[in-house]
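So that you can tell them apart, the chains are marked A, B and C in the order they are listed, and the count of residues begins at 1 in each.
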Amino acid sequence: MEKTLGELAQLIGGRLQGDANIKIAGVANIAAAKVSDITFAVEPHIEEARTCQAAAVILPEGIEAFAKPVIIVENPRESFIKLVELFTPPLTIKREISDKASIGNNVIIGKNVAIMPFAVVDDNAVIGDDVILYPHTYVGQYARIGNETCLYSNVTVREFCEVGSNVIIHSSTVIGSDGFGFVTKKGKHIKVPQIGNVVVENDVEIGANAAVDRAAMGTTYIRTGTKIDNLVHIGHNCDIGENTLIVAQTGISGSTKVGHNVTFGGQVGTVGHIEIGANSVFAARSGIINNTPENVFYAGFPARPHSEWLRMTAASAHAPQMRKQIKEITRRLEKNKN
Amino acid sequence: MEKTLGELAQLIGGRLQGDANIKIAGVANIAAAKVSDITFAVEPHIEEARTCQAAAVILPEGIEAFAKPVIIVENPRESFIKLVELFTPPLTIKREISDKASIGNNVIIGKNVAIMPFAVVDDNAVIGDDVILYPHTYVGQYARIGNETCLYSNVTVREFCEVGSNVIIHSSTVIGSDGFGFVTKKGKHIKVPQIGNVVVENDVEIGANAAVDRAAMGTTYIRTGTKIDNLVHIGHNCDIGENTLIVAQTGISGSTKVGHNVTFGGQVGTVGHIEIGANSVFAARSGIINNTPENVFYAGFPARPHSEWLRMTAASAHAPQMRKQIKEITRRLEKNKN
Amino acid sequence: MEKTLGELAQLIGGRLQGDANIKIAGVANIAAAKVSDITFAVEPHIEEARTCQAAAVILPEGIEAFAKPVIIVENPRESFIKLVELFTPPLTIKREISDKASIGNNVIIGKNVAIMPFAVVDDNAVIGDDVILYPHTYVGQYARIGNETCLYSNVTVREFCEVGSNVIIHSSTVIGSDGFGFVTKKGKHIKVPQIGNVVVENDVEIGANAAVDRAAMGTTYIRTGTKIDNLVHIGHNCDIGENTLIVAQTGISGSTKVGHNVTFGGQVGTVGHIEIGANSVFAARSGIINNTPENVFYAGFPARPHSEWLRMTAASAHAPQMRKQIKEITRRLEKNKN
């Protein structure tokens, strides 16, 4: 596809400075742009853009003496995204149930769904309107998928689990695997049946290769609006509050209750059976081993106020020096004594 | 489904106090119970149960003046689980080889198996009696799956690997991926062929999205009765002893030998080529960098006796104060000197 | 299969000492070898081999008075691997497009490919020569897979992503899941469209259950020759340099640029938007929170020179003692004052 610079300026409602007939064949960021591409720049990248390969640059108001053809707009990034979408061929999502999919008995399927080859919807499951099931998704018996929800390839939603509306679950993520529950008798670990389910409420997004375990009894909740990154583990019977962010490789142990609007950085861990107050932030790698209040900014393992952790970490770096100083002081005191 | 309270009391062998004709439509825990549900309570939740929405409560002996209808039993939790099972519609596992599955050449398949749509059993594999293969499982060439074993959706068991009897492997877990082995020549990493396999012995359970690498040569073992949680990594040539527990997101590096009855908390890591003694416990986040003896309780990174780690962690929290104190002492000594 | 010891000696070009007619039925390492197996030994395992069960042993020159039949070779390990390959039945990879696979519209497929049952190649994808797609792989729309590349079962390569030649991707790994990008307005997290892609260059290997996110805009790069282990997370817009090694469970946050020939030990984490210099090594569990120079060996969290981290860790172990000493010194000073 090729567009003229004039056509692009019109499309994004910008002011063209330069030859409207220049042909543009693609979009790219400053570093990757080739001679037939258009790019965009905002501070502090304006200087870099002056010497890049691009045929033209989308700029904000007020940039002077720019040698290349430019389109001036209010928000260069937003305008650029429009052009990215223009130059990206659209995906074809066929709104149909593929004849290579497998649909069980007593399944209810809404309108306008896309159920792709080799997706499996097992007996008694319910699929809402406008749902997209990519290849190799498995929706278990009696599971329910809400409207406008998208399960990418290889996602599993086990039996009795419920996924709300407008949810996105990325590839190979598992909803409703058995919780890790055993009783140990004479050295052998006997499985405690995990007969609960998982409820993922509306507007949730869960990354790739994550695992949310079903409750031993009752329900593991991922509440409305929460966003979970790749490779996150949520133990059985957790209740993850609304609008929470959980960054990659974090693990929340079983029966932990997380308030709303909490942020967990990457690789955080928690013990089980604790309560984490709302509106809190836990820095990457925090290890949370107790209940925590609302509105805190914690870090470290065991997790503590972030400022305290910073002071402790800084002081600990001096531990070798401190050790020497103590030896020296002791030597002096011994000497004085004699 | 609806049952009368009388029917339920009879079913669980309990003593009914209240109207036997009350209709019960479901089961739920105290907080979630609706007016047509039955729930259960034990201390310290008895008070909470008095005011919950449930139509009736299963209680232990000796609770006085309870306003709601109750069923008195010896073990309320166990009785409740019976009712959960009663009210949960049973799964339909068709004992058949789906005509949508793919079965290779020279495959041996036992009796009473359930091989679901889009499962693949590749050439020369052996599937035992009573095995359940969920959709999108892949059993590689010459792999063997023992009796009464269940592979959930999207599980991979690569070629030549062996899974014992009464094993449960949760969704998207991979058994037999290549170990991470390279030799570096002139800055390039050349793959060392990983021609061994994995043997998962009997009575093992492995969580979702875990990965157990095949041996470079020989076998990676997961011994009898061991239970592994979600997102765990087991490197090539490891030998994980019997009845060991490995909690979520732990990584055991290659060629590490773990004794029987060891417990690894969550997010533990080990270096490779070490031996970890039997009957030990490693707290969450332990980082194990050396051989460890039997019967220890370790924590921290590098891992050390738990009590020592507690003292060290407690003292380290005082590092900023210690630094100030040392400065003050030094100042006093300097002053005294003058 | 059975071979005589004479046949095996000839095959590996070794010098036989013992009965050439002995029948060998298998290969195994010293500990696992049975009476009909052949094994190999090099120092320090020669003594152990003298008393093992094996029928014969492959040895280097210069071992005296060995009671069992032996084959003397220059490199026992290499000779042994030859025999392992001889006794291992070869896999049958059918070079064909299975009639149980699903191939979309406008797909271009090279020569000599193996596309196994239930693999899905979506519209407009391009598959190179000699490619192997295991069951349940998903190659998204407009995605490109280079020559001689192998995707194991349940791998996902999302739309517009590009995988180079001679690449191996292990089971359940996801290439091109959406990056974790949200803007928060009035407490709600609004998805930032992730419209970029992932480019995996040539000669890359990626382990099982890893996740590489697509760029928000532009491209996430995994450069030539890089090897990534199981359960690794690579955030959106990262650029991972050539010939880098990333050990299991490491997470690289978004927009981080890693130089070539870097080694990350297991369970390392980095913040986003940093630059990590070439030819560096980060010990297991390093937590990298700033740009780092080239040619360093770092450890710890926050990451610092490894030698410094060793000193700091060693000194911190004395923190309880140091605390006592400071108290004692203070007591003495107070006493002296009086």
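FYI, a residue touches a chain if its C-beta (ideal position, glycine included) is under 8 Å from a C-beta of that chain, and two chains touch if they have at least 3 such contacts.
Just so it is clear, the structure is predicted and the values come from calculations on it, not from any experiment.
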| item | value |
| --- | --- |
| Inter-copy rotation, chain A to chain B, in degrees (Cα atoms; steps of 5) | 120 |
| Same or different contact residues where chain C meets its copy chain A, judged by the half mark | different |
| Approximate Å spacing (C-alpha centroids) for the pair chain A, chain C | 24 |
| Residue numbers of chain A (touch at least two other chains) | 118, 136, 154, 172, 209, 231, 249, 267, 316, 319, 322, 326, 329, 333 |
| Contacting residues of chain C [partner chain A, same complex] | 102, 105, 118, 120, 123-124, 136, 138, 141-142, 154, 156, 158-160, 172-174, 177-178, 180, 182, 187-189, 191, 193, 195, 209-211, 213, 217-219, 231, 233, 235, 249, 251, 253, 267, 269, 271, 287, 301-302, 304, 308, 311-312, 314-316, 318-319, 322, 325-326, 329, 332-333 |
| Chain C-facing residues of chain A, complex | 28-29, 32, 80-81, 84-85, 88-89, 91-92, 98, 100, 116-118, 134-136, 152-154, 168, 170-172, 203, 205, 207-209, 225, 227, 229-231, 243, 245, 247-249, 261, 266-267, 284-285, 313, 316-317, 319-320, 322-323, 326, 329-330, 333 |
